[in-house]
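Going by the order they are written in, the chains are A, B, C and D; count residues from 1 in each one.
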Amino acid sequence: MKRTFGALALLFILGVLLIVAHPNYGLKFGLGGKEWQGYRYTDQYYIEHGIEEVGGTNIVTDIVFDYRGYDTIGEATVLFTAIAGAVALLRRWREDYE
Amino acid sequence: MIPLQFITAFLMLFMGFYAFLYKRNLLKLILALDVIDSGIHLLLISFGYRLEDGTLPTAPIYTGYETLKGTPMVGPIPQALVLTSIVIGVCVLALATALTINAYRHYGSLDINKLRRLRG
Amino acid sequence: MSEDMGLIVKTMARATIPLIGIFGAYVIAHGHITPGGGFQGGATIAGAGVLFLIAFGLREAEEHYNHKLYSVLEGLGGLTFLGASMLGLSVAFFYNVLWHKGGVFAGEPGTLLSAGYLPIMNLAVGLKVFTGLVSAMMAISLYRRWKE
Amino acid sequence: MMLPFLIIIPLLGAFSMPIMSLLGEKARNAWAILVSALTLGVASKVFYDVWSTRQLVVYTLGANTPLGKGVNFPIRILWEVDLFGALIALTIAFVGFLAVLYSIEYMKHDTGLDKYYTLILTLELGMLGIVITGDLFNFYVFLEIMSIASYALVAFRNDTWEGIEAGIKYMFVGSLASSFILLGIALLYGQYGTLTMSYLAVKIAQNPTLVGRVALGLLMGGLLFKSGAVPVHMWLSDAHPAAPSSISAMLSGLVIKAGGIYALTRIAFSIYATSINIKTVGWLVIFFGCLTLIVGNAMAVVQTDMKRLFAFSSVGQIGYILLGIGIGLAAYGTKIGDIALAGAIYHTVNHALMKALLFLTAGAVLHEAGTKNLNELSGIAKKMPFTSFAFLVGAAAIVGLPPLNGFASKWLIYESSALYNPFLAAIAVAGTAFCTAAYIRVIFTFFGAPSEAVENAKEPGKAMIVPMLVLITAIIIMGLLPWQINDRIMLPTVDMLKDQLHYVIAVVGGA
């Protein structure tokens, strides 16, 4: 019973997402000139001002380390936590010490 | 018509969630987590695509600053988000593997239905 | 892990591991100019670590792997990253003071010493990702084999 | 400005923990306590600043103004701390500090402790990051930090099968919920092009589209997963008992609040408040709230394991908070909505303190008597008088007896639900009836005839007594002057939370 309910919910979600993906109901793909300015204005800003505000020619690294650097330090913490968690979980059990 | 990129992304999502309903092996569930993540990453990256009256866009990297000033460039934000999200996916997988190894030692099997001693 | 991978694999590994290491270092150091960065470079060098484990076996890898050192290095990478981000704390938390106020790291965009604190952060993240992934790999491969 | 130090200090503590653990156990424990104490200091300073000035604090990371040169939209990540965020941050720092202090004594016989302290500091860091951020993707990153730290900590005792099984279930459900949330954020970015919450509110208000509603549905679904609403609460009833008690105190008290309730409220009130028909969303949340209320408290009555009983009662209390938020949404403009919201926020803080105290007492009992099974634990009051007194205060507060802090917040929720729709008030009272039944049962086992498992139980060490003492005094102080707290802290919080216009102007108007 739970499975059929889950499967129905899953199909419903997939249907809604496919509707949303339709160009005239929701998301557009491969945007051109004016539409690009309308939808991706922040991307356009980074492309134009990336070099003079951060100095790196690789715009993606400019974003990753300066514009959204706070995300990346969160990212480094996620990596740090997961490694500490994995090593903590794979340590010896208390009975292994006998 | 619905662009192919979005359809593939949502189908990967569907496959991932399908595995969670019907598959029982822990390793398959871990892979399903990764499939869901990759589906969302494909969706995010395809938001950054750009088509300026037929000319193909280039990566947002100014190797030669003067030459690339005018050419259309793909949106950089989705790439930064996906970079972060990939590392989060790796971390979740590392932890899931560590848990599965311990579960195998406790239960002797990778079948999630065997992990039923706690009343759900 | 008693069986041996054979001489051919070992010599090939001895040849390629330094090259992977150099390429990874290149990807980290040039992160702000060419495609790449701290995460990708660190993962490449960790790939060299995996190759070392496969080619030379667990016992050999265990001698070269000191868990305390790797976790301290990981913490150190994180602290350098935090330190670099706190340089411009007078203006704001992630202020790129090395770029805006000039100095060594304020070269012409496209040269190595440009883009403010980005090279420092790339190196810090590269070190952190490398040591993290290698210690995770060693933790998984050493599980329950500490007795033999 | 003290705000960056709210994140820098726990980050510094977490990264330097491997180095400090080289200097030996004493240094590491002292370092963990110092870092969490400093975080508490900074959090109270930040709360005092925001509370005294009633001003929204906007802090841009990397520049003075979030807006780019010559454009009117924000391009950098920014922190937007209003009274609600600062209040939850203070609760997180307070209970986190007590949990670290408690685990010095409680985890003494465990192995792998330097990883434990790294994880507990990172868990606190993740929650603090969620509560102050004003950027949607940044909220997802810190939600992941909090979740991954809590997955590892739930399964920290890897030699017990409960820990591993609960950890795996919690991880899979948590990762699915996070994928839903990431999908929602991706859709919002695809449709509106920005990730900053306040500018997103402007764009959604300008043209509310189907994508915005689907994204809201996905975000709400993911966050209801995370806060343990009923259809998906099974992970919570397994994870919280299996975790070490200091961790389950933080899990039950803080994680489902910062990662679930706070995020739900922030998205509902600060991003979507005006641009959707808020009544249907309100009624949806009310429906889930009532469901959680009934099932959570009802299941709590039949439990034999003490910590499972507390976990189910957490689910029930989350039902109260969801009910309050639902009425706050459904009656958005009216006075009833304000009272309900004030009650929900007040109950979030109260429940964090009460449930932390209850789990700490359960930890003390487990630490001494070695068993969680209620049937074997009868008559423990003679051997551990202080712990039983602490448990009594916690149970009385959670049931809602007048002199303690639970009463005021539950009363607000009753009052608002009675005014809004008497049927909801009936459900709320039924929930309390179940809750009272569950806790009376535990009280009787505490004060019954001493059984053999309790023979050698004695009072726990000093490091476990002090946090319980501090929590008891906090609960009693908040209980003695509830209406002053409500008027001076909770109602201004509600006003700032509902003032979406100011939330947006503070950023878009160029802070």
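Please note the rule applied: a residue touches a chain if its C-beta (ideal position, glycine included) is under 8 Å from a C-beta of that chain, and two chains touch if they have at least 3 such contacts.
The structure presented is a predicted model; accordingly, all values stated were derived computationally and were not measured.
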### Task
Please state whether C-D or B-D has more C-beta contact pairs across its interface.
B-D
### Task
Just grab the chain with the largest centre-to-centre distance to chain B, centres being mean Cα coordinates.
D
## Note on the structure
For the pair chain C and chain D, the C-alpha centroid-to-centroid distance in angstrom is 36
### Query
If you average the Cα atoms of chain B and of chain D to get two centres, how far apart are those centres in Å?
29
### Task
Just give me the whole-number Å value for how far the CA centre of chain A lies from that of chain B.
9
### Summary
Between the Cα centroids of chain A and chain C the separation in whole angstrom comes to 23
#### Entry: Multi-partner residues of chain A (at least 2 other chains)
17, 27, 40, 42-43, 46, 51, 57-58, 60, 62, 64, 66, 68-75, 77-87, 89-90, 92
### Query
Using the touch rule from the top of the page, what residues of chain C touch 2 or more other chains?
34-35, 37, 39, 71, 74-75, 78, 82, 93-94, 96, 109-110, 136, 139-140, 143-144
### Query
Multi-chain contacts in chain D: which residues touch at least two other chains?
11, 14-15, 61-62, 77, 137, 141, 144, 148, 151-152, 155, 158, 167, 190, 195
### Query
When you draw the chains as points and link the ones that touch, which shape shows up: line, ring, star, complete, or other?
complete
### Task
Would you tell me which residues of chain D are touching chain A in their complex?
11, 14-15, 61-62, 68-69, 71, 73, 75-77, 111-112, 115-116, 118-119, 122, 125-126, 129, 137-138, 141-142, 144-145, 148-149, 151-153, 155-156, 158-159, 167, 187, 190-191, 193-195, 209-211, 214, 217
### Task
Using the touch rule from the top, collect the residues of chain A that touch chain D in their complex.
16-17, 19-20, 25-27, 39-43, 45-46, 49, 53, 66-71, 73-75, 77-78, 80-82, 84-95
### Query
Considering the complex alone, what residue numbers of chain D touch chain B?
137, 141, 144, 148, 151-152, 155, 158, 161-162, 164-169, 171-172, 175-176, 179, 182-183, 186, 189-190, 195, 234, 237-238, 242
### Task
Report the residues of chain B in contact with chain D in the complex, numbered from low to high.
13, 16-17, 20, 26, 29, 33, 36-37, 40, 43-44, 47, 77-78, 81, 84-85, 88, 91-92, 95-96, 99-100, 102-103, 106-107, 112, 115, 117-118, 120
### Summary
Interface with chain B, chain A side, in the complex: residues 3, 6-7, 10, 13-14, 17-18, 21-23, 27, 29-33, 36, 40, 42-43, 46-47, 50-51, 57-60, 62-64, 68, 71-72, 74-75, 78-79, 81-83, 85-86, 89-90
